[in-house]
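This is the structure I have questions about; it appears just below.
The chains carry the letters A, B, C, D, E and F, assigned in the order they are written, with residues numbered from 1 in each.
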Amino acid sequence: MSNERYLRGWEQLMQVDGEGGERVIESLKDIAPDLGKYVVEFAFGDIYARKGLDLKQRQLVTISALTTQGGCEPQLNVHINAALNVGLSSNEIIEAIMHCVPYTGFPRVLNAVFVAKQVFEERTHQQ
Amino acid sequence: MSNERYLRGWEQLMQVDGEGGERVIESLKDIAPDLGKYVVEFAFGDIYARKGLDLKQRQLVTISALTTQGGCEPQLNVHINAALNVGLSSNEIIEAIMHCVPYTGFPRVLNAVFVAKQVFEERTHQQ
Amino acid sequence: MSNERYLRGWEQLMQVDGEGGERVIESLKDIAPDLGKYVVEFAFGDIYARKGLDLKQRQLVTISALTTQGGCEPQLNVHINAALNVGLSSNEIIEAIMHCVPYTGFPRVLNAVFVAKQVFEERTHQQ
Amino acid sequence: MSNERYLRGWEQLMQVDGEGGERVIESLKDIAPDLGKYVVEFAFGDIYARKGLDLKQRQLVTISALTTQGGCEPQLNVHINAALNVGLSSNEIIEAIMHCVPYTGFPRVLNAVFVAKQVFEERTHQQ
Amino acid sequence: MSNERYLRGWEQLMQVDGEGGERVIESLKDIAPDLGKYVVEFAFGDIYARKGLDLKQRQLVTISALTTQGGCEPQLNVHINAALNVGLSSNEIIEAIMHCVPYTGFPRVLNAVFVAKQVFEERTHQQ
Amino acid sequence: MSNERYLRGWEQLMQVDGEGGERVIESLKDIAPDLGKYVVEFAFGDIYARKGLDLKQRQLVTISALTTQGGCEPQLNVHINAALNVGLSSNEIIEAIMHCVPYTGFPRVLNAVFVAKQVFEERTHQQ
């Protein structure tokens, strides 16, 4: 795909999600390629590329939404990596997840924190 | 109540939620006063008072969590007011809610935006 | 309807939900009568009539599930009345709702407590 | 807006949601106009315009998703009207909502059925 | 069990879920046999056996509800198989899941699509 | 930590969750130690230590909330063990989970029952 929204979206995806996001789009190619197209064009080309909030603020929102949803651990893995990619510290990420406790309770927050623990360990071993 | 966590929490509550939060605690006094105590002591005295994220960042998280939960329009009303109180602009609030679309879909985001619309109108009329 | 499961269910419905439950079944008659039939036969005839837990324990489960779901305030109204009908005290009902805070957060618990407040006021005025 | 995706989306929106959808987009103009743009371009221009499922099948999916989400009664109102617009009968709509009982329980199904009841009454009075 | 609702339900279960559903009922026998009985009698004997929607339409509803709920991947596996059993194509199944994006966001849809991918691969290897 | 709420909470945690809870707090020490502190102080020191409901009633509420939430299987594992610890029978636990079917549907109840099956098997092998 090479239209304008896709190109803008792909640029955002690489800047935010990096390889994690690229792998998700790749894994969709043989099952639902248009779904990957919409992730790139809409989630990244339309939403992430917007002004008004910077990428660190957007990652706080994404992480909070995924933590609160529950059952989205694969996406939390990609987006906790993304949060580190855009410059949030591991401490800020943990704080954001913990801040969800009064709003969604401890179980979903615990499950998100354990994903963060795994992400931080994976990134440490890659260095 | 005058213990240290309650006092710290009440100070945070007034700084963040202001009158909206005070009304919630007041409305609990004849039905579940300890619940109000826990909101003040835990949500505000323990969580909101933490370092690591500033109040504007914490309001982005809260608004995202409430938008994603759905069915929490009363709390969204309090916390959109709170977001303005701590210095987020109405534009930043709308951007945060809109950023939730790829993660929780349009319906919950629409319902949150309509709460924001109502809050902004109420605050305009109060001026 | 007069089959055995319906009769057993109707007896449970009247014992637990009382008039509140009767009104729900009635309100379904012109839009989805079979839905009302399933509520009576399955929810009450099969599930509520089971041994193993008594009706007070079953109401604790129902209230917890409805509180956690969110957005089920009409059903919470019926079932908080039902909890009082089967002998739980208003204090036990509030305690059960509050016990959900660590598991589903404050917003859903607050919304459930406000339904309880309304139910207790309505029942007081009926006396 | 007059780009190709918006035009295709607006055509789908009018065919499916009709006036109900137009009102939603209109109500967003002073608070989050881009959100309305995304509903038209993405929800309708990208998703609803796809081949593979016809509009009646798509409305079954939408109604099921909204019923299961809970707390999306405003959107259910628009989409139950839409279901009638694209040729589903009121009976098929009620059957779809009822089919959700084993998957999301009675409360969310009851709340959706009561929205349907209201929609059918409104449409009867308009004739 | 051999009562009328159970027999009707078992027939529906075999027609829709096939072996996948049989395995679920079997796995419940030593832990909660009555739960299996209710799945057969109520979900299949009462709901699936209803007129008004055909089995392909009912599978669209079930798949949409399970996708939107999140965290129900085991049940999605059974019901995506069931969708193929009753004559929906793999393309129609993917379209139904994708149609949920505007209503529940990308994460839950991605998780459902990956279950579909696995189901299609398993069925290919069985041929 | 040795303040009064923490000590009271730790005592409750050991009485209710036992080793399962201790392992959760331990696993948080290197990633989010304050989160573990809040679980002990607030969930157990404030909520579980309350009068009004006994520990068996509280476990019925917790299990119902976790079943209804979905996606909280790790926490259900800890709390089904806890339910046995405080004196609920395995039959009462299964009844409570099954009682959630009319309120949250079969999928979440099935997923909770399979966690119970695993817990009961683990405890049998430990004897």
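Following the convention adopted for this analysis, a residue touches a chain if its C-beta (ideal position, glycine included) is under 8 Å from a C-beta of that chain, and two chains touch if they have at least 3 such contacts.
Since we're looking at a predicted model, the values are computed, not measured.
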Query = Moving only between chains that touch, what is the shortest number of steps from subunit A to subunit D?
reply = 1
Query = What are the chains that subunit C and subunit D both touch?
reply = A, B, E, F
Query = Which chain maximises the distance between its CA centroid and that of subunit C?
reply = A
Inquiry  = More than half overlap in residue numbers between the two sides of the subunit E-subunit F interface, or less? Answer same or different.
reply    = different
Inquiry  = So which of A-D, B-C or A-C matches C-D, with over half of the contact pairs the same residue numbers?
reply    = B-C
D-F compared against A-E, more contacting pairs = A-E
Remark   = Note: subunit F sits from subunit C at a C-alpha centroid distance in Å of 24
Gap in Å, rounded to a whole number, between the CA centres of subunit F and subunit A = 30
Inquiry  = Residues touching two or more other chains, restricted to subunit B: which are they?
reply    = 34, 38-39, 42-43, 50, 66, 69-71, 75, 94, 98, 100-107
Ask   = Which word fits how the chains touch one another: line, ring, star, complete or other?
value = complete
Task = Provide the residue numbers of subunit B that touch subunit F in the complex, in ascending order.
result = 34, 38, 42, 46, 50
Subunit C-touching residues of subunit D, taken from the complex the two chains share = 70-71, 94, 97-98, 101, 105-111, 113-114, 116-117, 120
Request  = Mind listing the subunit E positions that touch subunit B in their complex?
outcome  = 100-107
Remark   = subunit B residues touching subunit C in their complex are 24, 27-28, 30-32, 34-35, 38-39, 43, 66, 69-72, 74-75
Remark   = Interface with subunit B, subunit A side, in the complex: residues 39, 42-43, 47, 50, 52-53, 57-58, 60-62, 64-69, 75, 91-92, 94-96, 98-104
